[in-house]
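Chains: A, B and C, in written order; residue numbering restarts at 1 for each.
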């Protein structure tokens, strides 16, 4: 076998998180209507303002068209064949972790996210979301001592309605796009983070999303607000069982950073990607946007995208504050029949706003991996700067790497710079490493992680190793 | 034609109210391009005029073309040409004046190595490269199909080297130019094409060139317009292995200029060089959509596109490069550099790279900025005034493309012409 | 140093190999004992670089006949990495650039792979840094090179020094240095040759593949082999190299033609 073939084989490996938890689940009937939106809202005992928000979004959604501009191909989604609310049956309110169904705790244990007091990670607070609901949040009390609110968004609606009303939908409007409108109408659960003025969040915050049901859509909603001078680092992880049908995941994440605030948002996405023939897998249509509302505010997105059958995702920054900073660091690995169309938008509004984009796409198998980005310099963004770098690595001659970096500038006192390159793992490089005693798998893994280093360096310490491992895992397999 | 399109003549009004009356003014289809005219007119009746709803036309407003309605048909291009004071023919170059009405080869003795294609060859070759490069149904091409009554169809015979000068000036109305160039093996052709619009008017250019093995084409286009003039151009090339093509296009002063260089390396192993410079000022729009596809291995592309945007000018650049699976060992580099000189001007740039082959080198880069302050400062620190320093730097910026024009075209002093036309300092 | 009782490290017998459809090696015979330094000389295209790549297991070359025994075992059935781990080292003519992979990490992983094979303990980051700093002296290299990506942006001389640094770390049993002198200026050549001399000992052997005499002024070979048309045409002592330097390679062609006419394949022993 030639080493080119061997490299191709290396990127195929079984999905480790494909099990289904057998648990009694409360589901509503399939389909979407105004009544379903009202039902979801009433199940969650929401205040009127939120029901109005949902209904407005639903009506807008009905008027909208599903976007088709991305380099993606998939059969039409039947929105009436999806369940919009599913929750494990359990006590109305879990007072402590001890009351959480042990099957759920066990599920998260198996996923490497222990929640119990004894085993939980020492410096990371975790919000665990199972299908449509948040089942547990660790370290809530400790965080509360610092004034930090970290809880599920359903809980926040009840406990802190004024904050939700003030911020929800202010970054991603309910009619922003087709999938955001759908999410605004039917969102189930997600995390809420509030860091008050001047507080540097004492630990990493993390939400772990688990889709369990085969016919349920997941529509989580995350809102993170950092007040003046506050800072937080947040990580999101996700997995789903293996089904031969496709599940829709349409999330919305909104970040708000006021003056001098800083939010670092990292994602390690490992949804089920479908099998080698493209059967099954998650359709991941996600709207993520940060609003650098204050001067000198800073929002940084880091994503490691390895899963999903389809990824449609553009974590973006609206750089409104003067001297605000936006960053986007991305690794997207596609294999088999996976399709990813991902990138970012950096919208420079404020003077001297700066942004950096580093995107690394790795395409293997028959997959298609597109970077799509927009850098827009508005007329008032005097002195704005952007630097973008998009590199693609191709493994095998059937994978596609596409690059679509849009640049729009209306401000002469600004500078936009974009660079892109394409590379592969050459036979010569592999032989060189092998001739120094390094095995083929390790050689490939070293080169891939070298290719991704600029991005991994941005992940919080605890997760950088995790991401490296995940990628190595994706690249693990039989060498002929 | 797509079956779903409506029947000729129906449902057109409203979408493009000016188009039908304009079509009615055209002479009945006749001559060597009769079939093409019929096809183009049908297509224009069926296809909507491009609008900002289409991604490819998002930023480019075609409303200026409505002036066609007021001044129908081919205008008095000959008068315009004399008014435009064409530069004298360059020594050693063979000049043809294209006025869109008379046969440019009438009473002309072609130099050695250059032959007119016969009707059979025209029948076989016309439209072939447009189809191969996927633009035969583009609206500007159909517009040319509908209006063009004359054709310049030439062959450069094997191993001959020819230098050609093509000169056209737009009068009122639309001046349609249709060219078909066939380069035999090891033939070399240098074309210097000058398009002028001294006043209101439009030019539609459709050029097809087929390069056989080891043929060389150097096409320099200098297009100097008027704020009330429009230019729509498609430059389509098919390259056989070991051929080399250089397309260098410079445009300035047009109310609307849209150029679409489209290149297909039919079997790879060819060299393509694309150079573009577009200058906008006032409320002008300049738009370049280039498209290069490698249908075989070891092809090369070197592309540099430059933009100077002043006033309320608007510039669009879209550079597509397609490297399919069979195009292993392709080496493609694309660079787009834009100078934004005014806070009311606008620049949109979008490279589009689609790569499937894994053993390729594809790099692209884009920059948008004003003049570099450190460069300005360096010149100023040597005693050069700020305005003069800016002028020097802008000239240097344009020179990088202008120097790639064939020598003859350089004799037209395009930079001076640009400076007369535009807000270049 | 020639000792006829020294153990045989490498035994090449009638080795034939091709790349794509082109036969390059047409029956190479060579015996290398511990403590010896061999030089393989020849024109471009004579097959000497192919020989080095076949010994290291480059996937582009297919062995079509003959055998290579390394310390009694069949070398040809091993993966390239396994050959490296048991002590066969190839110094590349054109060391490959590997962007993104740090030189230090690369050296550490490679060193530990070799140590693991020898049953030695893996070195942690700190212990390895101590070791690498000491070995840097062999090639007089700036520690700053450790922080860069493997060979990326290195000059020709820096790349070759990095090769010898790897050799110093991996402590090979048989080192094959393919055109190590090409692209080196006098100073770099002196440093590289000095490194090779320091590393040569009674228990290992070196195979120098070279085109020119000048490397052999700095490293004295015990044997010189002249390759042509895919086999070893002549074997001699170091004076054979001097003869080549004086007479050029033209006589090789004549001899080759004569041999081919006679259908002879055995090398001619001289001196």
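Here is the rule we use: a contact is a pair of C-beta atoms (placed from the backbone, for glycine too) under 8 Å apart; a residue touches a chain by one contact, two chains touch by 3 or more.
Everything quoted here is computed from the prediction, not taken from an experiment.
Between subunit B and subunit C, the least number of touch steps comes to 2. Chain-level centrality, scored on Cα centres against the all-protein Cα centre, points to A.
By C-beta contact pairs, the most connected chain pair is A-B. With chains reduced to the mean position of their C-alpha atoms, the one farthest from subunit A is C.
Subunit B and subunit C have Cα centroids lying 57 Å from one another.
Here the CA centre of subunit A is 43 Å from the CA centre of subunit B. Note: centroid distance subunit A to subunit C, computed from Cα atoms, is 50 Å.
The set of subunit A residues that touch two or more partner chains comprises 426.
Of all the residues in subunit A, the ones that touch subunit B in their complex are 69, 377, 379, 392, 394-422, 424, 426. Partner subunit C is touched in their complex by these residues of subunit A: 2-3, 423, 426-429, 431-440, 442-443, 446-447, 449-453.
Taken in their complex, subunit C has these residues touching subunit A: 56-60, 79-85, 89-90, 92, 95-102, 105-106, 109-110, 113-114, 117, 149-150, 166, 170.
The part of subunit B that touches subunit A in the complex is made up of residues 55, 325, 328, 338, 340-370.
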